[in-house]
Amino acid sequence: MIDLEALRELLLGCCPAAIPSIQVGVDGETYVDISQDDLLGVVYALMQTTNWHHLSAITGSADEEGLQVLYHVWLGAGLSLRVRCGQEAPRLPSLVPLIPGADWYEREAHDLLGIEFSGHPNLKPLLLPDKWDGPPPLLAKDGA
Amino acid sequence: MAFIVRLAQMLIFPGALYLILGSLFIMWLDRLLVARWQARVGPPWYQPLADLIKLLSKEDISPTGTDERIAALLPLLSLAAALTAGLYVPVGNTVVHSFEGDLIVVAFLLSVPTLAYFLAGWVTPSVYGVMGGNRSLLQYFSYEVPLLMGLVVPAVYSRSWSIMGLVDAQHGYRWHLFVFPLGFVIATIGLIGKLKRVPFDIPHAKSEMVAGPLTEYSGRKLALWKLTVAVQTLVGINQLVAVYLGGADRLWGHWGLIIYALKVILFMGGLALIQVLYARMRIDQMARIGWRALVPLGIVQLLVAIWL
Amino acid sequence: MMLERLFRWARRRSPWVLHFNSGGCNGCDIEVLDLLTPRYDIERLGILKEASPRYADVLLCTGPVTRQSRDRVLRIYEQMPEPKWVVAVGACACSGGIVADSYNVLGGVDKILPVSLYVPGCPCRPEAIIDAVTRLLGEI
Amino acid sequence: MMGRMTIPIGPQHPLLKEPYSVSLEMSGEQVVAASLRVGYVHRGIEQLAQRRSYVQNLYLVERVCGICSHVHTTTYCQAVERLADLQIPERAAYIRVLLCELERIHSHLLWLGVLAEAIGFTTIFMYAWRDREIILDIMDALTGGRVSHAANVIGGVRVDVTPPQAEWLGGRLDELAGQMYLFESLLHDDRSFQGRTQGVGVIDAEMVHSFGVVGPLARASGCRMDLRRDAPYAAYSRLDFQVVTASAGDVWSLAEVRLGEIRQSISLCRQVLDGLPEGDLAVKAPRRIPAGEAVVRCEAPRGELLYYIRSDGSERPARLKIRTPTLPALMVLPRLLPGLEAADVAPVIAGTDLCIACSDR
């Protein structure tokens, strides 16, 4: 299990933009809401901890308030960092310079939700065909 | 009269017709044995024939960028070379033609399909063809020298350069196999390399090269290529049976044929067993075996043969 | 006439198949590959699974056709020499199956190629695929 | 002859069982650069899931992948059960483990066969797949499907293991265990197999960490990560097993890890059969799932499988995210290939055990 006190301390040290909130979900996963300006700093700080194992996935989804992006991290226990951004021209910093393995997860989020990742070296379609001209599939209403 | 007999020998037995049917039988035997050893049932006896006829009936496509004439000529040339080689190798006790030096002539005639195979890959626009062609040429340099050494050892020992002469020299069950077991192994490995069988199926390795130089061939040309490989296999086996295993042991009549057929079948069984037991090698592994192991051993055998 | 009969005999006994997965989930694909193995051993029926489209008589298609694989399916079919047949293996290849209404799926193989035979099932059992190919041969 | 050329492998190529394409830049027989293109199997399952009910999705996620179908539904069900706060019966948890482990054995044997075929060793391909049929027979007898089982329901399982079935199943497992010596001797004694797999395609610890490589690939490089032990789900905390690791990270180590895992899985199956608790198979699940979100990770045959479900309280999930263990393996692949001999490309690609249907979804 994640030591919540230590996590709170760590987050306070690297989140100048906004104070993060921490909840533990029904699934035992720890969710941390942070501002997108703090994302790189938090990930870097987490990577310095001894428990850091890997970034499992990046889940983007649309809801009433816009887009939310979850970075699922494995630290011997699950931790998900939640970042929000607007639906219009969503843009987030890329994690690729820190974690090469974030590459395809970001490309996938770019495909399915149209999120731009600034600093990503190769944001080409991953799952969609090269000549895809529709809206990002997860934003389309009917999907056809 | 003599001319007609000679012509019949060339065209029917032990010439073209026999070689073609015999090689189809050998192919079936190969596939059957491999299947049985892999716990499968295997194909029915007419399978290679059906494959061949079906291929002949198919459309013959050449992708754009292929040199049509050469692509059509190469399989014909190699089939002709393989069949011609068959005329100098005794089947049972019969041989169409024999002269001092035919041992080497057969070895070179059997190399023609390999060189044609290399070119066949180069004249198609497929990268697999080119890569496979390169590999078959590299492989040629690795196995050809050991194979020749393996063939020359008995010739030096028995002082005859004709295959029939070597058969005669082994009369009385003094097979060269007993004198030069190592030479036999070297020649067999060389032959496997020549026939591009497992573990030396490097030029047409399915999981790497699709079908190697023949990737873009279809219909008639493919049928001719498949037949060439089959005839090459039969003639190659015949040659080693004659040179190392005493041929038909100069038994006349049907006994000679039966003994010969038995040896060929056993030899084929050995090749099939090797196919079942080994994984494919890399080209560098093969070259290492060829030059670091087989060639020095071949030289030792040769020196022994000269000294004896 | 005799030649025609001989050819038909040979075609029935030597169908070489090419397998292409145009977007399937592996279920049918693994069952197709399973046909080669000791339990089913299709070589006893003369069926070989070939690697190059040039060698193939029958194209076994599994999976729905996705937008990205469409061109490739067409190209493989063009590369096959005549006479040739297409068999749609599995529910997805027959109709698009469970993913038919997806944005990236065009539908079954029959959307782009003439299909001679449909093998339903999700995934279809190896026995069904063998039955399909032999039946197809009976029709030749 | 030694010029540069580009070899396209795929989307249709005998080495690849599924469509994706690898483009190899060659200099003679050596690979100098490699790039990948996936997406041929993208069926938009995550988007389809938002249009289907929770029960319908059970059958949809089963078809993400035909090899590890059971672990997909297991992970999905666990996520939904967390959201609906359902506690599945103990017997159901044991049966889920049984099927997961059977699936692992089948997946690993399948992999061994594919690897053997890649190095031209067809006999081992035949034998591995022949013995895999034992597992498929068991699956067929228990669930009615060789490949797709539909064994899980939300709240438990659909299939039971009766005592006569358990006895028969134990016998079949003994049969399989008896065959394993063949593959183990291949691993330890066969020079031609070792010659093609040792020292080839080494994944080092640095790659494991930077790309988040999971499953047997990570374990073959000495990384002891196994979610069955690190975050036990279903009944794993009540069962005894070892995490198999190797150190070299090459293709041979992958085989060593996977063969070791087959042994462990057989033992786990036996433990389940011996200790199967009495009780119901499933609890009733509501049609509407309470609002909330859940992340669930399971150890699929290829490694960590992650499902994220967000519910808005309706009959359909608002978002279903599937992360499969093949994704990091695919990202590592273009870094493994450069520098290899052309002939080593086949065992390396086969060795990473890619499941494109999983990664493309």
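A, B, C and D label the chains in the order they appear, each numbered from 1.
Assume contacts are C-beta pairs under 8 Å (C-beta built on N, C-alpha and C of every residue); 3 or more make two chains touch, one makes a residue touch a chain.
Remember, predicted model here, so these are calculated numbers, not experimental data.
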{"item": "Chain pair with the higher count of C-beta pairs in contact (A-C, C-D)", "value": "C-D"}
{"item": "Furthest chain, CA centroid comparison against subunit C", "value": "A"}
{"item": "Distance from subunit D to subunit C - Cα centre to Cα centre, in angstrom", "value": "26"}
{"item": "Rounded Å distance, subunit A centre to subunit B centre (Cα mean)", "value": "62"}
{"item": "Computed distance of Cα centres, subunit C from subunit A, in Å", "value": "42"}
{"item": "Gap in Å, rounded to a whole number, between the CA centres of subunit D and subunit B", "value": "44"}
{"item": "Residue numbers of subunit A (touch at least two other chains)", "value": "127-129, 137, 143"}
{"item": "For subunit B, residues contacting two or more additional chains", "value": "38-40, 206, 210"}
{"item": "Contacts with two or more other chains, residues of subunit C listed in rising order", "value": "37-38, 51, 68, 101-104"}
{"item": "Full enumeration of touching chain pairs", "value": "A-C, A-D, B-C, B-D, C-D"}
{"item": "Subunit D to subunit C touching residues, read off their complex", "value": "11-14, 17-19, 39-45, 47-48, 51, 59-60, 63-67, 69, 110, 113, 125-127, 129-130, 133, 146-148, 355, 357"}
{"item": "Contacting residues of subunit D [partner subunit A, same complex]", "value": "38-39, 42, 44, 46-48, 50-51, 79, 82-83, 85, 209-214, 225, 230-231, 292-297, 304, 306, 308, 310, 312, 318-319, 321, 323, 327-328, 330-331, 360-361"}
{"item": "Complex interface listing, subunit C residues touching subunit D", "value": "18, 20-31, 33-34, 36-39, 51, 53, 63-64, 66, 68-69, 72, 76, 97-99, 101-105, 122-123, 125"}
{"item": "Footprint of subunit C on subunit B - complex, ascending", "value": "31, 35, 38-44, 46-47, 49-54, 56-61, 63, 206, 210-211, 214-219, 222"}
{"item": "Parts of subunit A lying in touch with subunit D, wherever the complex brings them together", "value": "25-27, 29, 31, 53-57, 59, 61, 63, 70, 72, 74, 76-78, 80, 99-101, 103-105, 112, 125-129, 137-138, 143"}
